[in-house]
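Each of the two complexes below includes chain A, the first together with chain B, the second together with chain C.
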Partner chain A sequence: MSLSSVTTEVVDPIPGAEAPHLPQQPDLVQLLTPEGERVEHPEYSLSISDDELRGLYRDLVLVRRWDVEATALQRQGELGIWASLLGQEAAQIGAGRALQPDDMAFPTYREHGVAWTRGVDPLDVISLFRGVDNGGWDPVATHFNLYTVVIGAQTLHATGYAMGVQRDGAETAVLAFLGDGATSQGEVNESMIWAASFSAPVVFFCQNNQYAISVPLERQSRVPLYQRAAGFGFPGVRVDGNDVLAVLAVTRAALAAAREGQGPTFIEAFTYRMGAHTTSDDPTRYRLASELEEWKLRDPIARLKVHLSRSGIADHHFFDSVERAADELATRIRSGTVEMPDPPATAMFDSVYAEQTPHLAQQRAAFVAYHESFEGGER
Partner chain B sequence: MSTETLTIGKALNLGLRRAMEDDAKVVLMGEDIGRLGGVFRITDGLQKDFGEDRVVDTPLAEAGILGTAVGLAMRGYRPVCEIQFDGFVFPAYNQIVTQVAKIHARSRGKLAMPIVIRIPFGGGIGAVEHHSESPEAYFAHTAGLKVVAVSNPVDAYWGIQQAIAHPDPIVFLEPKRRYWEKAAVDTDATPDPLFASRVVRGGDDVTVLAYGPMVKTVLQAAEAVAEEGRSLEVIDLRTLSPLDLDPVFESVRRTGRCVVVHEAPVTLGLGAEIAARVTETCFYSLEAPVLRVGGYDTPYPPAKLEEEYLPDLDRVLDAVDRAMGF
Partner chain C sequence: MGALKQFKLPDVGEGLTEGEILQWLVAVGDPVTVNQPLCEVETAKAAVELPSPWAGTVTALLHEAGETVDVGTPIITIDIGGEGGGGAAGEEPADVAEPTAGLIGGAAPGGRTAVLVGYGPRTTEARRRPRRSGADAAARATAPAPRAEPAPAHPPLLSTAPDATVKPVRHGGLEVGRQAEAHALGEAAAPSVGAPPGQGRLRPLAKPPVRKLAKDLGVDLTTLTGSGAGGLITRADVQAAASGAAVPVRAGEPVREQRIPIKGVRKHTAAAMVASAFTAPHVTEFLTVDVTRMMKLRTRLAARPELAGLKISPLLFVARALVLAVRRHPMVNSSWDEAAQEIVVKDYVNLGIAAATPRGLVVPTVKGADRLSLAELAGALTELTETARAGRTAPEDMSGGTITVTNVGVFGVDSGTPILNPGEAAILAFGAVREMPWVHKGKVKPRQVTQLALSFDHRIIDGELGSRFLADVGTLLSDPGTALAF
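Moving on, here comes the complex of A and B:
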C-alpha cells in the first residue's frame, strides 16, 4: 500500500501524515461499513448468530453508557480522573469477545470495554479512578490483568505469560493491549522481539486512536503501525477499529493462530479517541473540532444499529430494552460510586509483601497508635 | 526593579523563556510539551515563539529522550528534558545513571553533560498510581548527578536558568502540588546561588529541614507552634546533591535539635544521610537524636489514603514534640 496514492475527501485523521482515511484503505479489514452495510472480506469471514449480533450491540451501548456516567461522576467530583473509551467501544468489545474463557488479557488503563467482556464489575474499575485502590477486580479469576499505567510495560508481561502458557502446553492465547504512542517505548519493541524469538502465543492489539495525549501518530511512526510487525517477523493486520464485526473476526483468527502454535500477530485497530485523553485533558489545544465531526460519521454503535434494523435482526422493542438496561447500569454505577466506602488507612501496609517484614509491621503499629492518639478530639 | 507576582508554574515558564533567549543552544524536549504546553502547561507558548526545533514534542519514549539528550549535549546543545510525571522517569533511569551521570568522569572531563531533567514530583494531587512519587534519593545516590528541588516561585524562576547554564547534569525537581502557589518575583534581582540551602525562618528550639513541597508544610507548622511559644528554625535545603549543610550545622549547634521532613519514604531517604552527617558533625551539641518525618515504607497509596501517607502539619509537630521531649 502506498501512503501517497490515496485521495482524501474526508479530513486526514493524522494531520500532515497523508494517512489514508478509512473507506479508501485497501489493507483495512472491514465487515461492516460506516453506513451499516455488511460486506465480505476474502480472508476474514465471520459466522455469527443474530443473538450474538444483538449481544454485541448491547455490549457497545452499555459500555458507552458506563463511560458517559463515569465522565459525569468525575465532573461532579466523585472520581479523581477518568480515561474515556468513547469511540473505541467496537475495538474493545470486538477484541474482548474474541477471547476464550482461559485466554488472558493485559490491558492498559483504557480497556473498560474489555473489562466488561471479562465480567469485571464496572465498580471495580471505577474504584481505581476514585482513588480507592489500584483496581478492585481479581486478575487471576477474571483472566484480566490489572490496569498498567506505565506505558507499554504490560506488553512484556503478556509475552512472558504467553511463554508460560507455551511451556505448559496449554491451549491458551494472550492478548496484549497497547496504544499507538506506546509503540515508541523500548519495552514494547523488546516484547515483540521476545514474542517473535520464542514464537509466544501472544497477540498485540494496538488501538491506534490517532493520538498519544496531544501527540499525533506521525511523531511515533513513519509507516502504518501494522507494517512494523513485518520487521519483527510476524504478521500485522489493520482492522477498522470502529467495526466490531471485523475486530471480532480478526482477533479471533489471531488468537486461534496463537493457540495453534503459529506465534504472535500484531493487530492495529484503526480508530479514534472521540473524547479527551482523560478528564484532565483539553483536546481543543491540539486538534480541530472538524476532525471529531468526521469521525462521528464512523461511529461504531450507529453502524451496527443500522445493520441490525435494516436486516430485521432487531426492532425497536430490542433497542428500547437495551436503553433501559443502560439506564439501570448507569443508576447502579452512580449509586455504587457515591456509596463506595474509603479504604481503611492501614490497607497501605497490608499487602506490600507476601511475607510482612518486622519493620513494616512496626511502622503499621506506630501508625495505628499515632492515629488513635487523636481520637476524641485534640491531642 | 521589575517585580511580578508569579505562580511556580509561570515562574518556570518565564525562566525557561529567558534561558532560551540567552542561549540558542537550549533545546526543550519532552512528551506533549509543544502544542499542548505540557500537561502542567510549564512550557505553554514556548513552541509557538521558539519553533518546533527548540521545543520538541518527542515520541513516547523516556529512554529516547535522555539518550538523545546525551548525543545532543555532545554536539554542544543544552537539552532540557521534561519527564511528564515522576513515576515515568524509570524507562530513562538506565540512561541517566549509566550514561548521563558518568560520561564526564569516563571521558576524563573531555565531555560535559549540561542536561537538565525536569521532573514534577511528589503527591497531594489525588492522582492514580505513578503520578505522586518522590524519587530524589535514587538520583542523589548517583555520583555525577546534581539534584535540586525548588519550593517557591523565586527559586523556580532563577533556579531553572541557573540549572540550564550549569555544566553538569541536574535533576530539577518541581513540587507539582505547589505549581499554583504565588509570590512576588523580582526579575532584576541577583539570585542566590543554586547549590545553597537557605534559612527561611529563624528560631531557637528545633531546626526543621525540608525541600520542595514540604517547605510550605513546615512553615505552617512553625507558625502554628509559634502561638504556643515554641520557635522553629526552618531551612529550605534547595540542593539535595550536593547537600549544603553548613547552615544546618550552624543552626543545630544553637538549637540542639533537628527534624528532617520529606514526602519520600524515610528508609534510606535524604533524611538518613542528613541525620548521619548532622550526628557526625554536631554530636556534642545534640540534645536529641535527629528525627525523620516522611512517607511510610509502602508504595505510594491510592489517592483516598494520600493524606494519611503524606507528612502534614500534625506529623511535623509530633516530631517536634518528640525532639523537645528528650
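Moving on, here comes the complex of A and C:
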C-alpha cells in the first residue's frame, strides 16, 4: 500500500459510503446507516429485542441531556470544567451495554455514557467536575473505575487488572477506554505490548473523535488506528462509532473473545466530538464548520429514532416519554449540582490511602489544630 | 414583582479573569427559560454563549455589548417570580459587596490567572476568621488534641438540603494555604523565640528549601528569629544558626537589629536597579587615565571672568567629555524599546547625574546637555546637585535621561561597576583623582590619575563601540586640547 493512498484514507473523516464524493470505507463495521436503515455485516450480526432497542434509544437521549445540562452548568459557573461527550453517545452506550455485570471498565474522563450503563449516578460524576470529590462512585461495586485524567494511564491499569483476573481464573473481561490522542502515549503502547504478551483479557476501546484537543488525527498516525493492532499482534476493528448497534455487536464479540482466552482486541470507534474538547477550549479555532455539518448528518440518535419509528418499534408516545424522562433528569442534575455541599477540608486526607498512615494522620491533626486556632470555627 | 436574581459572569474556562460581552441575546422585558442563551461572551480562550440559570423575566442588562467585564461581576438581573429557581451562580442577593476577581495567583498575561483546575480564580474576598486570643490558643494547644469531626463518608448528593440557599464557605486547599500564609505573615511580626516552641504558632515560617537546609544542618527552626519579611526565616538565618554565629535573642536583651521599612526613594531605587540588572545585560569596562592636564586646565579656566563664581569641578569636565564623545558615537546615547523591537537613538543628550542625597540616590538630568556651553553646563550642574541635595528635585527633572554619569570619586574610591539607569544604554563612573606614580614621557612621575568605568547595555553596544567611546572620553580628559578635534 503506497503512502499516498493511506493518507487519503486517513484524511477522510466521514464514515459510511453515503457521501458519493468520498472514498469508500469497506473496513467500517456498520449495522445502522446514518439514514436509519438496518444493514447486515458478514462478521458481526446482532440479534436484539425491541425492548433493548428502545432501551438503547433511551440511554442515548438521557445521556445527551445530562451532557447538555452539565455544559450549561459549567457556563453558569457551577462546574469548574466539563468534558462533553456530545456526538459520542452511541460509541459509549454501545460499549457500555456490551459489558457483562462482572466485566470491569476503565474510563478516561469523558465516559459519562459508560458510567450511565454501569448505574453510576450522574451526580457522582458531576461532583468530580465541580471539584467536590474525585468521583463519587464505588469503582468496585459498579465495576467502573474512577475517571483517569492522565492521558492513557488507564490502559495500564486495565491491562494489569486483566492479568489479575486471568490469574484468578475468572471469566471476566476488561474494557479499557482511550481516545485517539492517547494512542501516541507510551503507556498505551506499553499496555498493548503487555496485553499481547500475556494474552490478557482486555479490549482496548478507542473512541477516535478525530482530534486530540486541537491536533487532527492525521498528524499523529499515518495509518488508520485500528491497523496499528496488527503491529501488536492482535485484531483491530474499525466500527462506526455513531452506530450504537454496530458498536454493541463489535464490543460484545471482542469481550467474548477475551473471556474465552483469545486475548486482546483493539476497537476503533470512528466518531466525532461535536463539542469542544472541554469547556475550556474553542473548537471553531481548529475545525472547519463544514466538517461539523457533515457529521451532524451522522447523528447517532437521529438514525436510531428513524429506525425505531419507521420499523414501528416505537411511536411518539414512547419518544415523548423519553423526552419527559430527560427533562426530569436534567432538573434533578441541576438541583443536585447546585445543592451539592462542599466537602470538609479534612476530606483530602481521608482518601489518599486505603488505610491511614501515621504521617498523614499527623498532617491531618496539624491541619485540624490550625483551623481550630481561628475563632468561630472547627468544622 | 418577584425575587430578583443577578447572574454573575462565571469563569467559563479554567482561570479566566474577564470576558467581553459580544452581544446580548435577550432584552429587558423578555421572558427567559432555564438554559436559554442570554448573551455571547468572548474570553481569552473562546467565544461562548452563557445560558440562563433561571426562568423568569429580564429586568436589567447591567453591561452593554462591547464592555469587558471581570469574572464575578453581575451582568444581568432576572425576576424569577415568587419562588427561587434552584439557586445557581450569583445566588447571593444584590446587596452583596462587589467581589474582586481573580485573587489567587494574580492576573497573568492574556487575562488568565494561574489556578489549579477547579473553580477558577476566586471571585470572593477571603472570609477571615479572627485568630483566637493567645491564651486561648495556648490552652487549646496544651489540651489533648480534639478529634476532628469525621468527614461524612459521602456528601448527600441527592438529598435536598433544607437550607439550600446558604452556600457553604469554601475551604479548598490552596485558599486555605494562602489564608494561612496571610495570617501568619500578619501575626509573625511578633518573634517566635521566647515562646515555647510549638505553641501559639504551628510552624515557623520558612520556605521549603530553607526547611530542607535546616533539617540537613540540624537547625531547629522554632529557635530562630526570621530576618525576612514578616519574620520569614531565610537561608542566611539558618546558615548563621548552624555556624554558631547567630546569637539567639534572649528575653530582656535589646534587639540588636534595626528594621527599616522599604519605601520611597529606597524602594524606587531597588525596583529600578532590579529592573535594569535583570533586563539589560551589562558589561563594564575600565580605563585609568592621567588627568594632570585637565586639572591644570581647571585651574586656568577657574580664573576666567566668564566662569567666575561657577564651580569648575572634575565632574564638569567628565560631563563635557561625555557629551563630546556621544557626538562621535551616537549609539551609546540610545535606548532599547522591547515592545516595538527597536533601538531608539537620541539626537539630544539629557545627562543624568547620580547624586547622593539624604533621601537616597537621585538621578536628576540636565536636559539638552549637548547644546550647553561649558559655563552653562557648570551652572546647570551646580543648580541640579544643590536642588537634589535639598530634596527638591521635581519628578520631571528625574525622568527622560539618555545617559548618566556617576561620580564615585567624591567618596574617595577609585571605581565601581555602575548599574544602568533603566531605559539608558550607558553609564559612566569616575573615581577619585589621586596623585599616583605614572610613567610620563619615559619617566615615573607623580601625576593626577583617575579611573573611568563604563557600563553599557550589551544588547545595543558591542565591546568595540563601548571601548572606542570610553577611549574617547579618556583622551578628552587626559589631553583636553583634543576637544578641538571633536
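By our rule, the second predicted complex is superposed on the first by the 349 of 379 C-alpha atoms of A that agree within 3 Å, B and C clash if a C-alpha of one lies under 4 Å from a C-alpha of the other, contacts with A are read in each partner's own complex, and residues count from 1 in each chain.
The rule we apply is simple: a residue touches a chain if its C-beta (ideal position, glycine included) is under 8 Å from a C-beta of that chain, and two chains touch if they have at least 3 such contacts.
Quick caveat: nothing in here was measured; it's all calculated off a predicted structure.
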Report task. In the superposition on chain A, see if there is space for chain B and chain C together, and answer fit or clash. Result -> clash
Requested in this report: Determine, under the contact definition given at the top, whether A:G80 touches first (chain B), second (chain C), both, or neither.
Outcome: both
**Report entry** Residue contacts with chain A in the superposition, chain B compared against chain C
**Finding:** C
Query raised in the report: Thinking of the overlay built on chain A, is A:A347 touched by chain B (first), by chain C (second), by both, or by neither?
Result: both
Requested in this report: Applying the touch criterion given at the start, work out whether A:D133 contacts chain B, chain C, both or neither, answering first, second, both or neither.
Outcome: both
Query raised in the report: Taking the superposition as given, does A:G181 touch the first partner, chain B, the second, chain C, both, or neither?
Result: first
Report task. Would you check which partner chain A:S280 touches, where first means chain B only, second means chain C only, and both and neither mean what they say? Result -> both
Report task. Kindly classify A:Y370 by the partners it touches after superposition: chain B alone (first), chain C alone (second), both, or neither? Result -> both
Query raised in the report: After the overlay on chain A, which stretch of chain B ends up in the same space as chain C: 78-86, 186-194 or 294-302?
Result: 186-194
**Report entry** Doubly contacted chain A residues - partners chain C and chain B
**Finding:** 80-81, 131-133, 280-281, 285, 342-343, 345, 347-348, 370-371, 374
Query raised in the report: Which chain A residues qualify as touching chain B in the complex?
Result: 80-81, 109, 128-134, 149-151, 181-182, 184-187, 212-215, 219-220, 280-281, 285-286, 342-343, 345, 347-349, 352, 359-360, 363, 367, 370-371, 374
Query raised in the report: Where on chain A is chain C touching in the complex?
Result: 68-69, 72-78, 80-81, 121, 123-124, 127, 131-133, 136, 276, 279-282, 284-285, 332, 334-336, 338-348, 350, 364-366, 368-379
Report task. Write out the stretch or stretches of chain C touching chain A in their complex. Result -> 7-8, 10-14, 34-35, 45-51, 53, 86-91, 117-120, 129-132, 137, 140-141, 145-146, 148-149, 151-152, 154-158, 160-161, 164, 168-173, 176, 180, 202
Requested in this report: Mind listing the chain B positions that touch chain A in their complex?
Outcome: 31-32, 34-37, 39, 57-61, 63-64, 87-88, 90-91, 126-131, 267, 296-299, 301-306, 308-309, 314-315, 318
